[in-house]
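Next, two complexes with subunit A in common: one pairs it with subunit B, the other with subunit C.
The block that comes next holds the complex of A and B.
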């Protein structure tokens, strides 16, 4: 029996594989020299197993999405994992039925057409399993369709329209499985070779219409749907399916996102599945901004739309990066693009005056933001005095910025000028420790300053050490406090525990809900990444965050970032203080109670 | 006119016929908050660069309004983009963006001249 309906499918498949191989090779060739070595070496290590495990968990089962949004997870899982199983078990079925591998490649896809009789029990079991899988996928398709129209019905804004290829891929994907159901049902109606699903629908169809008339056309349509989907896939958002697997392997090989936009960044761009989980994470949505969210932003870049405004309109708080089920380095991608966009702008800092060079064991670098919140500066000085630390307050008078704000605006070259000026001073002082009270400074000192012999400490960590060495007074204050994780400190530098320990030492800390704590902490809205954000948006974010804290009704809101403090202090609902101010309060408290006691005694004498 | 000799100081004169307001208009269009400036001077008082030199946000505003692009460009090179001015501004002007905007637009302006 000669058939022709498989040809559209074959053409689609061949095109898809050719396109994928071409794109994969192109991406690989464009990787940097060292990344290529890393990737080659990777195949000989145990990390391969980790990559395979990740591919199954994220690429097929979509466990990361499942954990965050079970319905969305089920939708992705049913389509990805269901289809995968359908292909694998479909081939297995043919192998069992044929008793070998002697069959054409497309045979398994259209098996019900070719296999007109099946009498054995094994064949019946296979048919039942295949029907179940088809039902599983169809449930996902129904969810996908409802999701799209439900959003429209309820007036959800979609900022960008789907591209032509996206539409083609989307509609053909939606139609693949209903058409498969139709075709198999027709087969079942004619030959009774289906199972619980296709036999039932087949019988139902048989009662309604003359099945033999639509039998051949339905298989043709199924084949065409597959063909359209495969041809549209490399140009549509479904490119994320093959790209994600590639990305998982590269990521496990230890390749990192670079400061320039290159092949690895391109792969991440195409790995975005547009699941939309980052939308819920972004606080700017509530402030009426709906173009900076990672899913939209990446779409702009993919479609080569001018995206300068959304590029510089993100706070770089990193909340979306934590939530991303594909584990894209969204902040790094934005940084790479910002560097590219602001390359022609130049700064020069030849004018800066050197402060008087001093030598000391420990340096305190306050940074610009701490200078703006002098209470933190004073508190730090008091703590140093209390423990008798010999500290050189490096930027007391002629302060120079640390360079991080410039970097967040994409100005890495200009920032390096400031970095070298500061580095020169620090090395000449012969210091062993440097203490910073601003998370922005801490991050840049830790990552971009070359100070191998010097201990870079954040002030919360330093205070924690002092408490451990019993250099600071004991005694809890009668305060309930909430700790706000600054983005740059928590998600940026991974410091969560030490500030909490310090606060718990001196006050009663109210724990926050898990979905707003630690790496999922809210942003204060003043992040220096948001270069062109309007003031209203920033204020809305700050107000919303404060409203969340106000629900717990604490005495004080404690933060570890001068920028967060400056923002929250404007809101009078909760008193805001820095962690160092809390410590100073604790230092000064026993003295007060002592003086009270002496007063009482003196009264008694009188 | 002998009493009014001070009016003849050349560098203080603004020739309105030659005044280029394109840059100013473009910047105000992209960052409208810059119009609200009341010249209170908080930005200047908090400025990191201003601590080392005469860099001054109000002067930048003046140079921009006078269309003195050359000196504006030179002046803006000094900014460290630390963002303190934005935080202290009582009128919530996004000065960090103003600086970036002026720089970007000067570049575009020069491209047109070339």
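The block that comes next holds the complex of A and C.
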């Protein structure tokens, strides 16, 4: 029996594989020399198993989405994992039926067309399993269609916008499985070769219409739907399905996002599934900004739309990165693109005067932002005096910026100039420790400075050490406090615990709700990443964040970032201070007024 | 008899009351502090002619004894009830005052300089505000908070004005000329002191203001540096180190001064800010009351029988405030007559 309906499917499949192989090889070739070595070595290590595990968990089962939202997770799982099983078990079925591998590979896809009778019990079981899987996938398709129209059902406020190829891929994807159901039902009506699902729908169809008239066309349509989907896939957001697996393997090989936009960044760009989960994490929607969010912005880049405004109009707070089910390095991607998009500055930093060189064991580097909040500077000096720490206040008089703001603005070369000036000074001082009171400085010192054998400490960690060594006074102040995690410190440098411990040592900390705490903490709105964000937008974010804190009615709001402090102070609803100011308050508090009893903490009802 | 309530006994409220009393209308004047006068009490002399502010305030004292005036001191208005035809003004102490017409003359607040932490107000001793300097003029003695006769003073313009970082993008208009007036007065008291004014640009909008600016340079040798302060820090000898950029030369600049004076701008009063989310009276994005239009209906709100006077609608000088308040009084009179 000669058939032709499989050709659309074959054309689509060949096109898809050719396109994928071409693109993947191109990306691989463009990886840096070291990354290629990393990737080759990776195959000999245990990390491969981790990559396979991640691929199953995220690529097929979509567990990350499940954790965020079970309905949405089920939708992704039924489509990805269901389809995967349908293919694997479908082939197995053919192997069993044919008793070997001697069949064309499309055979499994259209098996019910070719298999006209169930000869054995095993075949019946296979048919039942295949029907079940089809039902499983169809439930996902129903959810997907529902989601387009009722996104609230999925706990999402927003969903993504589509372009032509996305639409083509989306509609063909939606139709593949209903068409398969139709085709198999027709077969079942004619040959009774289905199972509980297709036999039932087949019988039902048979009662209504003359099935033999639509029998052939339905298989043709099914084949065309597959063809359209496969051809549209490399140009649509569904490119993420194969690319995500590629990304998972590269990520597990230890490859990192660079400051320059290169192949690994490109792969991440195409791994974005545009699920839109990141959207609800973005605080800028409340300020009426709806084009900078990671999913849109990556879409602009992929579609080569001018994205200067969205590129520089994001606070780089990283709230979206935490939510990303594909674990894309969204902050690094944006920074790399900024560096790529920036023209070099027309002036140099040659005029910056270096402070006088000194030698010291410990350096305190306040940074520009601490200089703009001099009470933090003063508090740090007081703490050093109190514990008798001999420090060189490196940027007391003449200061050179740490370089982080320029980095966030995409000015990599200018930032590097400042970094090398500071590095020279620090190395020449012979210091072993450097203490920083600004999370921006801390992050750039940790990640972009080459300071071998020098301990880089954030002030909260340093204070925590002092408490441990009993160098600071004991006794709680009679204060209830909320701790605000600065983006650059928490999500940026993974420091959450030490500031909390310091605060709990001196005040009664009110815990926040889990979805607004630690890596999900709100942004103050003043992030230095928001290069061209209008002031009103920043103010709205600040106002909303403060409104959240105000519900708990604390005595003080404590943060560990000069920029957060400056932003919140302006609001005036809650007294705001840096963690160092709290310590100084405790140092200066007369002994008798320190309360040993614990104060009743009132929890806000929200 | 129609009853009029005037909220705020600064010069705007006093002027409105004065005009209405002259027309034999009963007025209830509500003031939150214990004395009349409002913000003008902060000033020793007025620009551009160094007129004595106290004399101006005293010219209103006589109205207090007018039998048609009911003056409520230490009274905070907590609510205005617009639900009935005759409005009710309710104070925190629970006093309810019926009103046929209400004049809002709640003035302005000076900017809280602690919000510009980088200038060190409240952190370093020798950082003061223009209001505090004015108190020194009243005593005719200028001594830095650390107890020294200053040899060099920096005047910092636009503190809390034209500054998106503190959410005040508007110009307060009067601080430029106030700085020049204060710099000259300082020079008169301390002829040897060096004075540097740091400005963005100088807005000499009044007829005689430019002359005073010229005189400051020519007759008093006051230096003007175009550039906003980036930060101030304290040195070991309690002097204040200023970091700025001289934008005319295009170079960063560092300088030490015995004292710096922050020219604090004008902000909307707490009273007007509380109407921000209130539909009865319109408040603009800066927190000031919005008159129906800024040209020929500058005294009227969209609410019938509620009028505005003075700096409750935005920064104004003393003379402009009094003119505006007179216009308000006229609007009130014609409203009362037609009802």
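Definition applied: the second predicted complex is superposed on the first by the 574 of 606 C-alpha atoms of A that agree within 3 Å, B and C clash if a C-alpha of one lies under 4 Å from a C-alpha of the other, contacts with A are read in each partner's own complex, and residues count from 1 in each chain.
Basically, a contact is a pair of C-beta atoms (placed from the backbone, for glycine too) under 8 Å apart; a residue touches a chain by one contact, two chains touch by 3 or more.
Everything numeric here is computed off the predicted structure, so don't read it as measured data.
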item: Fit-or-clash call for subunit B and subunit C when the two complexes are aligned on subunit A; value: clash
item: Which of subunit B and subunit C A:312 touches, first, second, both or neither; value: first
item: Touched partner set for A:400, first subunit B, second subunit C, both or neither; value: first
item: Touching partner for A:222 - first (subunit B), second (subunit C), both, neither; value: neither
item: A:535 touches, of subunit B and subunit C: first, second, both or neither?; value: both
item: Contacts of A:411 with subunit B and subunit C, given as first, second, both or neither; value: first
item: First (subunit B), second (subunit C), both or neither touched by A:563; value: first
item: Partner touching more residues of subunit A, whether subunit B or subunit C; value: B
item: Which of subunit B and subunit C A:249 touches, first, second, both or neither; value: neither
item: First, second, both or neither for A:136, with subunit B first and subunit C second; value: neither
item: Touched partner set for A:349, first subunit B, second subunit C, both or neither; value: first
item: Superposition clash, subunit C versus subunit B, among 45-53, 225-233, 261-269 or 279-287; value: 225-233
item: Intersection of the subunit A residues that touch subunit B with those that touch subunit C; value: 351, 371-372, 397, 535, 539, 566
item: Sites on subunit A touched by subunit B in the complex; value: 312, 342, 344-349, 351-353, 368-369, 371-372, 397-401, 405-406, 409, 411, 418, 526, 528, 531-535, 539, 563, 566-567
item: Of all residues in subunit C, those that touch subunit A in their complex; value: 114-115, 117-118, 120, 123-124, 164-167, 169, 230-234, 241, 251-252
item: Subunit A residues within the subunit C interface of the complex; value: 351, 371-375, 377-378, 397, 535, 539, 566, 569-570
item: Residues on subunit B engaged by subunit A in the complex (per definition of touch); value: 30-31, 33, 46, 48-49, 51-53, 77-84, 87-88, 92-94, 96-97, 100-101, 103-104, 107
